[in-house]
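Dropping the structures in below, format is structure tokens.
First subunit A sits with subunit B, and in the next complex the same chain sits with subunit C.
The block that comes next holds the complex of A and B.
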């Protein structure tokens, strides 16, 4: 028998499959038309979607609002840029960022998990701002200019290799990587450990009486989220060839939260849909007016008021019912 | 001599100037129902909070099967074999009844299973099915807690506490706010549990206390006023003065 939470997760998988299919169509059309701009934009949407997944693990499942997830995204981006400028190896960059964001997440997690609720949000925000200011003022990291001139790399996949400069190739590669991270997160969230996170969100006070410490799962969730944010960030300089302190600013963290809320908190897949939507809107509206953030802000307010569960949060229950009918009674 | 399953020695805590629990000692016999009674504010729930690790006592000791667990956090108390329910229903409201029980039962699985998909948690699932049956909640398994009636929520509260197969179960007013019929059913249910678990109960319904308990402890203003078999306690003049306001 499949329980309700496993079924919800399966509904998310189905929505992910639709997103992947749509992405493949986009890739095919883009390749046929020789497009660069929109494929690059779609790749960026996936990368920020990875950041949004990390926010959703914390917000949607564990009930922790992080307003500083850009800290790990930026860490991954800067470290990846630095590694690539010395050793142009994708795997070296990913290994370094995975390790570094896990360690940073562990340290950061010990600091922020001492507090709850609004204080948690404020401390995550503060830590990210401090890190951003340090980067902004460090000449070795390019200060306010950031790091430019990250080389185009060939990603060695054993049988073949993909150039980070190839719009279609890199888009598909990033798609695969984001799907892997989604799958990892989805797997974890459907284990007793993941259910403990969901229980933490629902009623943290009862957890110790079930025989569990609350610190351990909170910290573990925070570290997993940090790694996913860090690895997503590591892809950014490969796509754009540069990193800048803006990647660590509140705008990046805040956008990730808006993405999750719009896409559907606690659905995991909503993070990716939300990112696709917001990235597209920013680009399209941005081409008409420099004040595109006003429009995005109004749309966000509308989404919160009229679709409080977000887009995927509103669609998913119908798919869950469909799956339930398909199961043997 | 075998150590009592639960022993409390000189347990005390102050809230500001108030001695909420004052030098309380007693021990609990295996597979019995021990009931703590007393007027509002006597310190009954505070006593439970001290025993279950929700509060740290200022002094005194809590021993579970002779092992000193004083001041340990709740998850250690649980590991030592003690579980509790709450006076105010304290569940995972947005989750289903089955998931509430599964969460409470997942500690029965080997620790490595915590990283395996939930549908592989067969031990926990078997426990969930058993409890759903025993607490007559099978029909409600897929409902969220928020959809249950008050009586059903109170039953689930007990079932969740019981899910981890504790040795000692502290039940804080399990029948609180229940209808007469529900109260009677719950009393029968609690009575049937005592084969597997030792129960310590806080209860206000005096009729229920007398019929259900093997042993009664009376608290008054933080102190233990009397203890003994129900009939003896009822006849105690000091208890009558404190509890009923007349001798």
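The block that comes next holds the complex of A and C.
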């Protein structure tokens, strides 16, 4: 017996499989042509896709619009850069960022979850602004310049090791990591906990009458989203070799929201498709004119008005119907 | 004793006057924001870009030779139809969906991106500094103040008073407040709710445009001018209580003074984090802000 949520998750998995297959083709073509620029760009799209997944867990499943997810992304990026500059170990950086973003998410979660709805959006926005300004003003963190000179590292995978400087290798590694994070989030959302989150989005007032707490799942969702954003951020300095305060600014949070809404809110996989689409658009339009924001802004407004479910949210029901037919004995 | 007086006269008082000018400026921008939220229940993320639009209108019209004093009247009048059309053509499309807050916020966010980049396309990224319409300065209690800033404080106070009068003391204002309080009841009593909504949005946007004209000679005109300013305006609206006009005035004066004092005693770079920190704490402790909402009590 499969219910609607599990079936929609399976549809998302299928869409993810298509995306992974396409990514592998891109990687193969890139490797064959010896390309660096576009593979690096695609890796960046995946990293920001991770940030978008964390926004989607909050917006698409729990019904909380976070305008400050860059806070955790930036935290991960800065911490990872600092760790790598002392100990050039991937696993040390990831362990440190996971722990730190979980703790920060817990503290931040207690602050922001005191309020609901539009106030939640504003408080996440305000909190990220405070953090961004503090980083911007702290000389030890490089102030407005950020941290430069993050070393290229070898990621030890036991049997083999991948250099973060290798375009194809690092792209594939980031792809694998993002897929793992997607799988983790998808698994969590398909458990009773995930159903509780969806119930929170639908009608929070009714949850206590069913015998559940509301604060605990909200907080848990917020922490999970913070960790995913933090780990995604940790990958950024490995790719680019630097971090800058811009990573914590509202532009980064806003871009993640645009990505999710365009890609498909509440589909998880839409976050990744959205990120790929926006990166592609920026790069294509950017080669003609520096004014890509006009096009992206209009596209985004169009999505909000005409396609509120986003691209994947509009495609997925067809796949769900297909899967439903397949289930019949 | 005289040392304390001199300190006040040459250090503290000028700093507080700078704070007052900023406060009046922020209040002008925040007024429109709070009216739009209080009435339409819409967080206008593009408000800063409408502020910039007013400044760019003024810039373009000044280039064809119109005097500043005419612009003060003309630009808000030009902004009215712009705001009206934006409300009817864009915001109304998502206004009646279940997720009004989120979708209107996202829509206006996208609109802001398009507007900001359009300014860059038309005017280029560099700042313009319009000539100050009133030159010279005055001394008040031996404290020097540029005349234009004094003018700004007086005109700003007059505009704030006029807005409060319109909202609280006229029939039009009563209709607006009625529509905010209970849309259906107001409609059944003959209030043209659709036009009131669009009109209120246009009014809020026109106020932002007027602020743009007034502030251009002080803060310069550039494509991202709205972005820097709107954060402060949002903070003022949140601390004052979203939708409250009195709240905007009190919070605007208070926060701009805090900002000025922090800039003096700690460092100018820390004034922003402190002010935003106050906003976060306010949202935690008292999310409805210092005062209630427009039309609600």
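The rule is short, and it goes like this: the second predicted complex is superposed on the first by the 328 of 329 C-alpha atoms of A that agree within 3 Å, B and C clash if a C-alpha of one lies under 4 Å from a C-alpha of the other, contacts with A are read in each partner's own complex, and residues count from 1 in each chain.
Criterion: a residue touches a chain if its C-beta (ideal position, glycine included) is under 8 Å from a C-beta of that chain, and two chains touch if they have at least 3 such contacts.
Note that the structure is predicted; figures quoted are calculated from it, not measured.
Tell me which partner A:296 touches in the superposition: subunit B (first), subunit C (second), both or neither.
second
When the two structures are laid over each other on chain A, which of subunit B and subunit C touches more residues of subunit A?
C
Regarding the shared-chain residue A:126, is it in contact with subunit B (first), subunit C (second), both, or neither?
After superposing on A, A:126 lies in contact with subunit C but is clear of subunit B.
Let me test your reading of the model: by the given contact rule, A:38 touches which partner, first (subunit B), second (subunit C), both or neither?
After superposing on A, A:38 lies clear of both subunit B and subunit C.
So, A:195: does it touch subunit B (first), subunit C (second), both, or neither?
The answer is first: A:195 touches subunit B but not subunit C.
Could you look at A:111 and tell me whether it touches subunit B, subunit C, both or neither (first, second, both, neither)?
After superposing on A, A:111 lies in contact with subunit C but is clear of subunit B.
After superposition on the shared chain, which partner residues are touched by A:208: those of subunit B (first), subunit C (second), both, or neither?
First partner only, subunit B.
Kindly classify A:5 by the partners it touches after superposition: subunit B alone (first), subunit C alone (second), both, or neither?
In the superposition, A:5 touches subunit B alone.
List the residues on subunit A that touch subunit B in their complex, please.
1-6, 187-188, 190-196, 198-199, 202-203, 205-206, 208-213
Applying the document's contact rule, which stretches of subunit B touch subunit A when the two form their complex?
Residues 52-54, 73-75, 78-79, 83-84, 90-96, 98-99, 102-104, 106-107, 109, 113-119, 121, 124, 142, 160-161, 164 of subunit B touch subunit A in their complex.
Would you pull the subunit A residues touching subunit C in the complex into a rising list?
Counting only subunit A, the residues touching subunit C are 59, 65, 111, 114-115, 117-119, 121-123, 125-127, 129-130, 133-134, 136-137, 254, 257-258, 261, 290-294, 296-298, 300-301, 304-305, 308.
Quick check on the complex: what are the subunit C residues that touch subunit A?
43, 90, 93-94, 97, 101-103, 105-107, 109-114, 116-118, 120-121, 231, 234-235, 238, 267, 269-270, 272-273, 276-277, 279-280, 283-284, 287
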